[in-house]
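Structure below; questions to follow.
We just call them A, B, C, D, E and F in the order they show up, numbering each chain from 1.
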Amino acid sequence: MQTHKAKRVVITIEAIMQKRLTDTIEEAGVTGYSILPVLGGSGRSGAWTREGQVGRASGMVQVVCIIRPERLDDLLDAAFDVVETHIGVVTITDVEVLRAERF
Amino acid sequence: MQTHKAKRVVITIEAIMQKRLTDTIEEAGVTGYSILPVLGGSGRSGAWTREGQVGRASGMVQVVCIIRPERLDDLLDAAFDVVETHIGVVTITDVEVLRAERF
Amino acid sequence: MQTHKAKRVVITIEAIMQKRLTDTIEEAGVTGYSILPVLGGSGRSGAWTREGQVGRASGMVQVVCIIRPERLDDLLDAAFDVVETHIGVVTITDVEVLRAERF
Amino acid sequence: MADILSLAADNLLSPVILSFILGVSAALARSDLSVPEAVAKGLSIYLLFAIGFKGGASVASHGVDATLVATLAAGLVLSAGLPMIAFNLLKIMTKMSRTDAAAVAGHYGSISIVTFVAATSVLQGRGISSEGYMVAVAAVMEAPAILSALWLISTGGTEKRMDGALLREILLNGSIVLLIGAFVIGVVTGEEGLASISSFIVAPFTGVLCLFLLDMGLVAGRGLRDVRGVLGGGAIAFGMLMPVIGSLAGLAAALLIGLSTGGAVLLMVLSASASYIAVPAAMRVALPEANPSIYLTLSLGITFPFNLTVGIPLYVTLARLVTGG
Amino acid sequence: MADILSLAADNLLSPVILSFILGVSAALARSDLSVPEAVAKGLSIYLLFAIGFKGGASVASHGVDATLVATLAAGLVLSAGLPMIAFNLLKIMTKMSRTDAAAVAGHYGSISIVTFVAATSVLQGRGISSEGYMVAVAAVMEAPAILSALWLISTGGTEKRMDGALLREILLNGSIVLLIGAFVIGVVTGEEGLASISSFIVAPFTGVLCLFLLDMGLVAGRGLRDVRGVLGGGAIAFGMLMPVIGSLAGLAAALLIGLSTGGAVLLMVLSASASYIAVPAAMRVALPEANPSIYLTLSLGITFPFNLTVGIPLYVTLARLVTGG
Amino acid sequence: MADILSLAADNLLSPVILSFILGVSAALARSDLSVPEAVAKGLSIYLLFAIGFKGGASVASHGVDATLVATLAAGLVLSAGLPMIAFNLLKIMTKMSRTDAAAVAGHYGSISIVTFVAATSVLQGRGISSEGYMVAVAAVMEAPAILSALWLISTGGTEKRMDGALLREILLNGSIVLLIGAFVIGVVTGEEGLASISSFIVAPFTGVLCLFLLDMGLVAGRGLRDVRGVLGGGAIAFGMLMPVIGSLAGLAAALLIGLSTGGAVLLMVLSASASYIAVPAAMRVALPEANPSIYLTLSLGITFPFNLTVGIPLYVTLARLVTGG
C-alpha cells in the first residue's frame, strides 16, 4: 500500500494551556491534531496524577499533530512560543501516512 | 538488551467504528492491539471534544498495533477497507521491541 | 529549530504494576515519564476493555519515557525486570526533542 | 392563547428549563463549564432507568389498556413514516444533498428520550396523568426511522447499507435495552418494587433532570455557536416546523386510538422530537458521507431547544383543546 | 422447602436482583449498554461508605456485643482456612494447575462486599436485624485468604511472593480503608450522625444498589460469554458447591459464637462469597502466571450470580431453621 | 473558650469533618483509595448548583436586604486587598521569591467554595440563619485577587501578564458561572422551585458533602506528604495565621455593614479561605514561573484543613461574641 513521509509531533503540555497551543498552531497553518489524555507523570517539577486533581491547574494532555515534513518548522516555531515558558515536552518522529492528500 | 524491528501502526478512527476495525484486522491476522482514548481533535471535518458528547456518534479512539514488518501490508489493506469511507488517520512508525516472540 | 536525538520508550503494562515499574525506572535514573490510559486491547491473553472493570486487576496503562540514547540500556534492563513475568509490551522509537537540556 | 402563554411562561420559569438555558448561555459565552462525559452518561442511565421503571410500575397498577397494541403500532408507523415527510420538506425548504436530507429525515422519525422525560415532568406538574406504557412506545419508535432513512437513500440507487451487525446494534443499543429492561422490572415488581426504590427514582428525579439538562444545554449551546456556518435559514425553519408537523401527526394518531390527554401529549412529543443519540450513531456507520454537523446541529441545536421551551407547552395546549382534557 | 422457594422467588423478583439479571441479559445479547468506569467506581464508593457508616451507627446505638471479638476471630479463621478446603476441592474436581488452583482458592476465602450488601438489603426487607459490627468482620475477612493462597503455592517450593509493599497494598486497599473508616465515623457520630445524612445513605440506598448491580450484571454477563472456553464442568460445579460449603462453615461458626439469625446469615454470606476486587489485584502482582480469566470468571460469572439469586435465600432459610429466628 | 472548644469538638466529630479526616489519613497511609476525577467533578457540580440555588431561593423569599450592595462591594475590596497583606506577610515570614509570594498572595484574597459550603452546613446545624445572597458575594470574591497578584508582580517591572483571553477565562470560569447561574435560577423560581427539587438539593446535601470532603481529604493528604520538601516553617505558620487575619478583616467589614451573625461568619470564612481551583489555574497561565507546589500545598494542605477543623468554629464563636448573635 502506498504511503507518504510525514512527521508526528507530540507536545505534552498542561491542560490549561491546550487551547492557547492549538489556537497558535492553527494560526501557523496546522489543520489537524488530536488530543490525548495523560493520567499522570513525573518530571523536573515532581510527580502528579490526575486522580485527585481538584482543579484544572495541574493536569496535562498530549497534542499530537501529523504534518508534512516541509511544514515542521512552522509548527515547531509556533509551539515553542507557547511551550517556552511552560513545563512540557516536544518530540518529533518520522512516520509514514496513508492518504497523504488529507494533510 | 536485545531488540527486534517491528512496525507501530496507529489508526485514529471514530469510536463507533472501533469494533468493525478490530474485527477486520483480527481477520487479517493481527493478534494484538491496544485502544487509546482521544479527548478531542480537529481536522477537515472541524473540531470536536469528548466533553459534551451526548452519544457515541462522534468520539474517536486510537487503535495501536505493534506488528512484524512482514505483516504490515496485510494490516494496512485490511484497515484501509474500513477507514476508506470514514474519517480517520493511519500512521506507521519503525520501532524496536523487546520480546519479539510475542508478536 | 534545533532538535536533539532521543529515544521514546513505551511500556504497556497492567495498571496494578504501574507504581512498581515507575519506582524501578526511577531507581535506574529515569527522571521523567508520562502515563497514558489504555481503554482496552487484545493480546495472547485475550481481549479486555476498561468499561466494566470492577477492580484494578485487569486494566492497562502506557508508561512513556523520553530519554537520552545513552541511557536507553539502563532503562530497558530495569523495565525488563518488572515486565518479564507480567504481560506487557515494550517498544522503542527514535525521536527528536526540543529543549534537550531537560532530559 | 393566554393559556399557551401562561403555560409557556410556567414551563420556561421552571428549574428544569432554566438549567437548560443556563447551559446554553454558558456555552455561548464560551465559559469552560462542562460536565464530565462519565457523569453525563451516569445521569442518563439514571433517567432511563427511572422513567422506564415508573412506566412499568404504572402499567402494573393500572393494568394494560386495550389501546396498548394500537399505540405501539401507531408509534411504529409514525417513526417509519415521518422521515418521508421530513425528506420531502427538506427537498423543498433547503439545498441539502440527497444524502444529508435522508440522514436528517431519519432523525425526525426517531425520538429524543430527554424531551419525553421533560414532557412527563411538565404533565406531572400539571397533574395530568398518562398511560404508563408510553415509555414502551418511545422505545419502539427509536429504530424504524433509521430503516426509512436508509431506504430513502437506496432509492437513489446505491449499494446495500444495512447489515446484520448494524441492525443488531440499533435494536440492542444501550438506551433501548435499559428503557425496556427497566420497564419490565417495573411491570414485574409493581407498586411494591416502586415503593422500595422510590426515594431514589421518584423523589430526586426532577433535580437530576436539572443537572442533565444543564449538560444538554452546554452541548446544544456549543452546537448553536457554529449554526451559522452549518445551517441556512431554510434548515433552521425546518428544525422548528417539522416538530409541529410531527406533533400534529401524533395528535391525529392519539385521537384515532383514543389516548388520554396525557398520552396524546406524549405521543405528540415523541413524534415532534428528533433523535441525537441512536440515529447519529447509526448514520455514521451506514452513511458516513452524510455530514454529521448538519444533523447534529439541527436536532440538538434547533429542534431540541424548540421542543423544550415552546413545543411542549404548545402540544399540551393543543391536546387539551382537542381531547377536552 | 416451600419457604425457600417463596423466599427465592421474592428475592428473584426484587428490583435489585432483576437489575442484575437485566445486566447479565444485556451483556449476553451483546448490547452496547455499559456503565462508565468512573460511575461504577463512584457507586461502589457510595455503597462502601453507606454500609460502613450504618454498621458503625448501629454499633453506637446497640452497644458492642460480647461476641464482637469472637466473631472477628471467626472471620479471620474462616478467611484463612476456607482456601485450604477450596484448594483440595479444586484438586479433586478440576484439572487446574497448582498455581491456578491456589489463586482461585484465595478468592473463596475472601469476600464480596456487594453480596454482603445485597444480603443486608434482603434481611432488611424481611425485618431481620443483625449485628452492626458485621461490616467490620467483612473487612477483616478480605486479606487473610490472600496469605493462605500464597502459602499454598510456596509449599510447592517457589520463591518468596509476598513483600512489604504488597502486604501494605492489600491491608490498605481502598475498599478496606473506606469500609473501616466509614464504620468508625458511624461509631463516633452515632444516631445523630446517621440522622444528619440518612437521606443520603439510607433512603436512596436500594435504588443505588440496583444501578450498581446492573453494572455488575453487565460485567458478569461478559464473563459468562467466555465461560465455555475458560471453565470446564468441574470448575463450574465448584463455583456453586464451594459457596454452600463456605456458608455451612460460616453457620457453624455463628452457632458456636451465638450470633443472631441475621448475624448468622451475614457470616454465612461472607464465607460463601468470593472476592473479585482485592484478591485478583493481589494475584496479578504476586502470582502473575496464574490465569486471571479462570479466577475472575469463576468468582464473578458463577459464584456471584449463584449467591445473589439462589444462595442468599438458601442461607436465610438455613439460618432461620437452625437458629430458630 | 469552653464554647469554642465544645463547638470545635462538635464540628470535629461531625460526619462531614470526619470524612475529610478519613481522606487525609488514607492518603498519609498511602492507601490506594481514590475518587475518580469525573466523580469528584460531578460532586462539585452538584454542590455548586445546590448552594447557589438555595441562596437564590432564600433571597426570593426573604427579599433583598439593603445591605446587599454594600456586602458585594466589601467582598470586592477584601478580595483585592487581602493579597497585599498576604504579600507583605510572606516577605516577612518566609524566604519566598517575589513571584512565588505574589502567586500565593493571590490565593488568599480569593475563596474556597467548599470551605464556604462546610460553614453553611455548620451554621445550619447550629440553627443560625444567614443572608442568602452570600453565595453571590462568594462569586464576586473569586477573581479580583488574581488581578491584585498580577499587579503585585508587575510592580517588580515585568511585561504584561493579563490578556483578554485570560480575563475572560477567569470571569467565566465554570464555578462562577454555575454558582451565579444557579443563584439566579433560585431567585427566579423561588420557594416553589426549591420545593420541586429539594429532595435532590436539600435532603441529601450533607451526605454528598461527606463524600466530596473525603476526596478533598485525599487530595490534601497527598499534598501534606510532600509538605516538608516544599514549605518551610514560616510558610506553614503563614498558612494558619493568614486565615485568621483574613477572618478579622471580614468580621470588621461585616460589622460596618451590619450583617447578621450568620452573614458575618460567612464573610469571615470567605476572607479566611484560600482558592485552590480558580487562582491556581490562572497562575499557571499568567505566572508559569511561580512554583505550583508552593501555592497548592499551602492552600490545600495547610489552610483548607485549618479552616475546616479549627477556623470555622473559631469564626462562629468570634462572630457570636461580637454581634451578640
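One rule holds for everything that comes next: a contact is a pair of C-beta atoms (placed from the backbone, for glycine too) under 8 Å apart; a residue touches a chain by one contact, two chains touch by 3 or more.
Just so you know, these numbers come straight off a predicted model, no measurement behind them.
The chains touching chain A as well as chain F do not exist; no chain touches both. Set against the Cα centre of chain B, the chain with the most distant centre is F.
Taking each chain's centre as the mean of its C-alpha atoms, the one that lies farthest from the centre of chain E is A. Distance between chain centres (mean CA atoms), chain B to chain F: 45 Å. Chain B and chain C have Cα centroids lying 19 Å from one another. In chain A, the residues touching two or more other chains are 36-37, 56, 93-94. Annotation for chain D: residues touching 2 or more other chains are 32, 34-39, 42, 199, 203-204. Shown here, the protein chains touch in an arrangement that is not a line, ring, star or fully connected set.
A complete list of chain pairs in contact reads A-B, A-C, A-F, B-C, B-D, C-E, D-E, D-F, E-F.
On the chain C side of its complex with chain B, the touching residues are 12, 36-44, 49, 60, 62, 73, 76-77, 80, 83, 89-94. Note for the complex: chain E touches chain F at residues 36-39, 41-42, 45-46, 49, 53, 168-169, 172-174, 177-178, 181-182, 184-185, 188-189, 193, 196-197, 199-201, 203-204. Only residues 13-15, 18-19, 22, 25-26, 29-39, 42, 125, 199, 203-208, 210-211, 214 of chain E touch chain D when the two sit together in their complex.
For chain C in complex with chain E, the touching residues are 14, 16-17, 20, 45-46, 50-58, 85-87. Chain F meets chain A in the complex at residues 34-37, 40, 44, 165, 215-216, 218-219, 222, 226, 276-278, 280-281, 283-285, 288-289, 291-293, 296, 300.
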